[in-house]
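See below for the structure under consideration.
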Amino acid sequence: MAKSKFEYVRLYELDDKLLKNVWMVVRVDGKGFHKFTTDHKFEKPNDLAALNLMNDAAKGVMSELQDVFMAYGQSDEYSFIFKRSSTLYGRRSSKIISTVCSMFTSHYLFNWNKHFKDPLIYPPSFDARVVLYPCLRDVKNYFSWRQADCHINNLYNTCFWALVQKGKLSTLDAEKRLNGTVSSDKNEILFSEFGINYNNISEIYRKGSTIVWTEKKCENGRIKKVLQLLTCDIIDNSFWNTYSASLDL
Amino acid sequence: MAKSKFEYVRLYELDDKLLKNVWMVVRVDGKGFHKFTTDHKFEKPNDLAALNLMNDAAKGVMSELQDVFMAYGQSDEYSFIFKRSSTLYGRRSSKIISTVCSMFTSHYLFNWNKHFKDPLIYPPSFDARVVLYPCLRDVKNYFSWRQADCHINNLYNTCFWALVQKGKLSTLDAEKRLNGTVSSDKNEILFSEFGINYNNISEIYRKGSTIVWTEKKCENGRIKKVLQLLTCDIIDNSFWNTYSASLDL
Amino acid sequence: MAKSKFEYVRLYELDDKLLKNVWMVVRVDGKGFHKFTTDHKFEKPNDLAALNLMNDAAKGVMSELQDVFMAYGQSDEYSFIFKRSSTLYGRRSSKIISTVCSMFTSHYLFNWNKHFKDPLIYPPSFDARVVLYPCLRDVKNYFSWRQADCHINNLYNTCFWALVQKGKLSTLDAEKRLNGTVSSDKNEILFSEFGINYNNISEIYRKGSTIVWTEKKCENGRIKKVLQLLTCDIIDNSFWNTYSASLDL
Amino acid sequence: MAKSKFEYVRLYELDDKLLKNVWMVVRVDGKGFHKFTTDHKFEKPNDLAALNLMNDAAKGVMSELQDVFMAYGQSDEYSFIFKRSSTLYGRRSSKIISTVCSMFTSHYLFNWNKHFKDPLIYPPSFDARVVLYPCLRDVKNYFSWRQADCHINNLYNTCFWALVQKGKLSTLDAEKRLNGTVSSDKNEILFSEFGINYNNISEIYRKGSTIVWTEKKCENGRIKKVLQLLTCDIIDNSFWNTYSASLDL
């Protein structure tokens, strides 16, 4: 029953249900993190505390939304994939987008002090979108896309900051130096000029973070679902085979 | 240029632009705040610190998104209205919904300690939706709807908790007692049984919180835009007339 | 370049692209065909000329839109399925819906005189919708749904009109008589009272019409694609296996 | 109740309701009418029979859909505007688009023989789209846009075909001759070279066709709504003022 004569304005709300039976991927991305990471003095090119915080936030989302069977994060972004059969919020697009984004934001702030000793100077925020994928090949390629992006940016940034921090180049000169180089050139610069073997760099930087639900045997013999953090390659099919029981394939 | 062969998966993103030249209203609402307010021992029926925190969060959103010309909040919800001509994020629905929701969440957590001495036990979250209004009458009625909702719930809750806290009724008996009563009955109960004149109750509880941009003269003579908090009636046209310069009518 | 200062009104057009890589099914259905078929004295329960006309209209659509790999029709409706990879009109929903619907309508009128000797009394029209299917199982079940609908209605109608036309019942009495009956009851009525073996009734009435592209060897040895009309069962997997080369499975 | 176990496939249908309380404009446009008009030997630059047929088709649509209060047509297109409060088909986008488009197509074919002595060689079709307009200014400018388009194309085509048909230029030379010319140049060519005063050309060619509902007094004194065809300027406000009683302003 209408509580007031004004309630008719609800009729302007439009249905925004998403197609059934396709994978829904929600990607959140930090807003203006170029400035936020600078203001909060994140280490360059990678701040381990920052990545751990992102991972905590993602775990928070997954704990609250059990239809998310996998998440992948790198830089200031995280992608969450819902199982095809999910009926969360009747698959209402705005509910799903806003809830994932709000939970991620909330866990990010809630856990800040666990990872950073200096407090937040101002509150960071994230945007989010949802994308539908109807076939498994493209689901895998979606995550491959994000991991390839991680790799490309990380190789560039690692090289760039080596040139600046160790090579004492100006940022402009570093940029010029890298202009037009391909992967092998950057690997070579790192190795010959700075003695860095790119492949020895911490995997979390090169591969990003993947979270899946796995089973763990408790002391009492019971089996419990726990969130497991991985930093492996997810482009290769071996990941999808190894974790097939955890994934909605 | 494509950074990797996987980039084609972007083509699954669909355009979600909202109709031009209509007012966009984003409403955020706390998720499961029945439990959250209980766990965090919010005062009943109204917790002033909680409302002040909501207002801070809303001011945070408005400071960051200057196309929002007015906001109205009550209970665990806040509505933000964008000027008709706003082109924020090209009016992409998911960007607008997620950004407002994330900013609100972030400011809520960021300001928690300012209002509560006990820390958050767990991170709260909000959902959000956007609704389009093509005419001014319905824009006004939208806000009237929310303020009428505030009034109806607050009168009920004030009565209910008076019966329980002062009248020593069980919650079940209080519910039964109020079953079938109309506004005047509840006013009468409050007045005759508890000596409470409902109209004397703090306006922020009865009317909710409205925020608009107003102009303030600085010491140096400059005029600057500031956020002003109101607790007035917004159903009556006098609000819309008085603040017409602040509103996109 | 804008031809006039008014061209900005185009900006109100919103993108309505449909998700990539899923099957698009467009179903057209006659508007108010209860009246249209009565006014045009269609035979009851089935008018063969009317069905042949529907089939001609469907063939017309398929000839013009080669991305449609299969169509199924019964009563006053026809469903067209586009191959998953179709990029027709950039998958713009309104273009696809309107074009299929308009072509169907146009071929229906164009071919009317071929099937009916009396001219049209007034112009019939159709509505159309598009539905997306991401998986093959549901594509098959979509067509099974329409064929089951054909069967259920046709058995009922056959029985009903036998009772009226041959059994001399009033339409009201025929309705009462069939109320609560199941399939086997209706088969029994047809057989014992009217000597009709339902399974001997023309297949096009019981199964509807299915159209697919098949290959035909021409006199000159060339192979050419032609539209083939079938009246077989499409619920059973044998149809899908037999015609797999013609279908986008 | 589900008639068969396959009925669940209906759940894939998504709601496509259009925003309330805004004007809906449906524009239909002939598909490939460059070819269709050539094949059917339409007169150049304007075929009066063809325009009359378009107008009959539009009147047919308006007679069937009384929520359409005005229509405007030129060349191979027609625009229909629904009153803001229309709830036709619950404002379902696909229903509205497909129905208007199908009715237009059907009336076009139904009336063909009334206007052309040669029969149709093949069935023509139309596409359709719906655009929402929230304010009157833009509604007027929408129709101004289409009428300006009519004017610009008609002036060009009139000049072009005068140069070809009377001036004996090749089509290529006529195109070259007009390249870079502005309105006044074209008026001048028409006047000085062919003695044609553009303003004396039939108004239906220069202004297109507008249809509104007006009231007519019958012999018996009753007032009846009839469709009235106009060929006046609709850019100027005088049209909107004169016919304000017929329009949903």
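List of remarks:
All chains are identified by letter, namely A, B, C and D, in their written order; residue positions are counted from 1 within each chain.
The definition used in the following text is that contacts are C-beta pairs under 8 Å (C-beta built on N, C-alpha and C of every residue); 3 or more make two chains touch, one makes a residue touch a chain.
This is a predicted model, so every value here is computed, not measured.
Of all residue numbers that take part in the contact between subunit C and subunit D, over half occur on both sides, making this a same-residue interface.
Set side by side, A-B and B-D show the greater C-beta contact count at A-B. Annotation: 51 Å between the Cα-based centres of subunit A and subunit D. Taking the mean of the C-alpha atoms as each chain's centre, subunit A and subunit B sit 30 Å apart. Look at where the CA atoms of subunit B average out and do the same for subunit D: the two points lie 47 Å apart.
Counting only residues that touch two or more partner chains, subunit D has 12, 14, 19-21, 132, 138. For subunit B in complex with subunit A, the touching residues are 3-4, 6-10, 12-14, 28, 31, 60, 64, 93-95, 97-99, 101-110, 120, 122-133, 138, 141-142, 144-145, 148-149, 152. If you check the complex, the residues on subunit D that touch subunit B are 19-22, 132, 134-135, 138.
Remark: subunit A residues 11-12, 14-15, 17, 19-21 touch subunit D in the complex.
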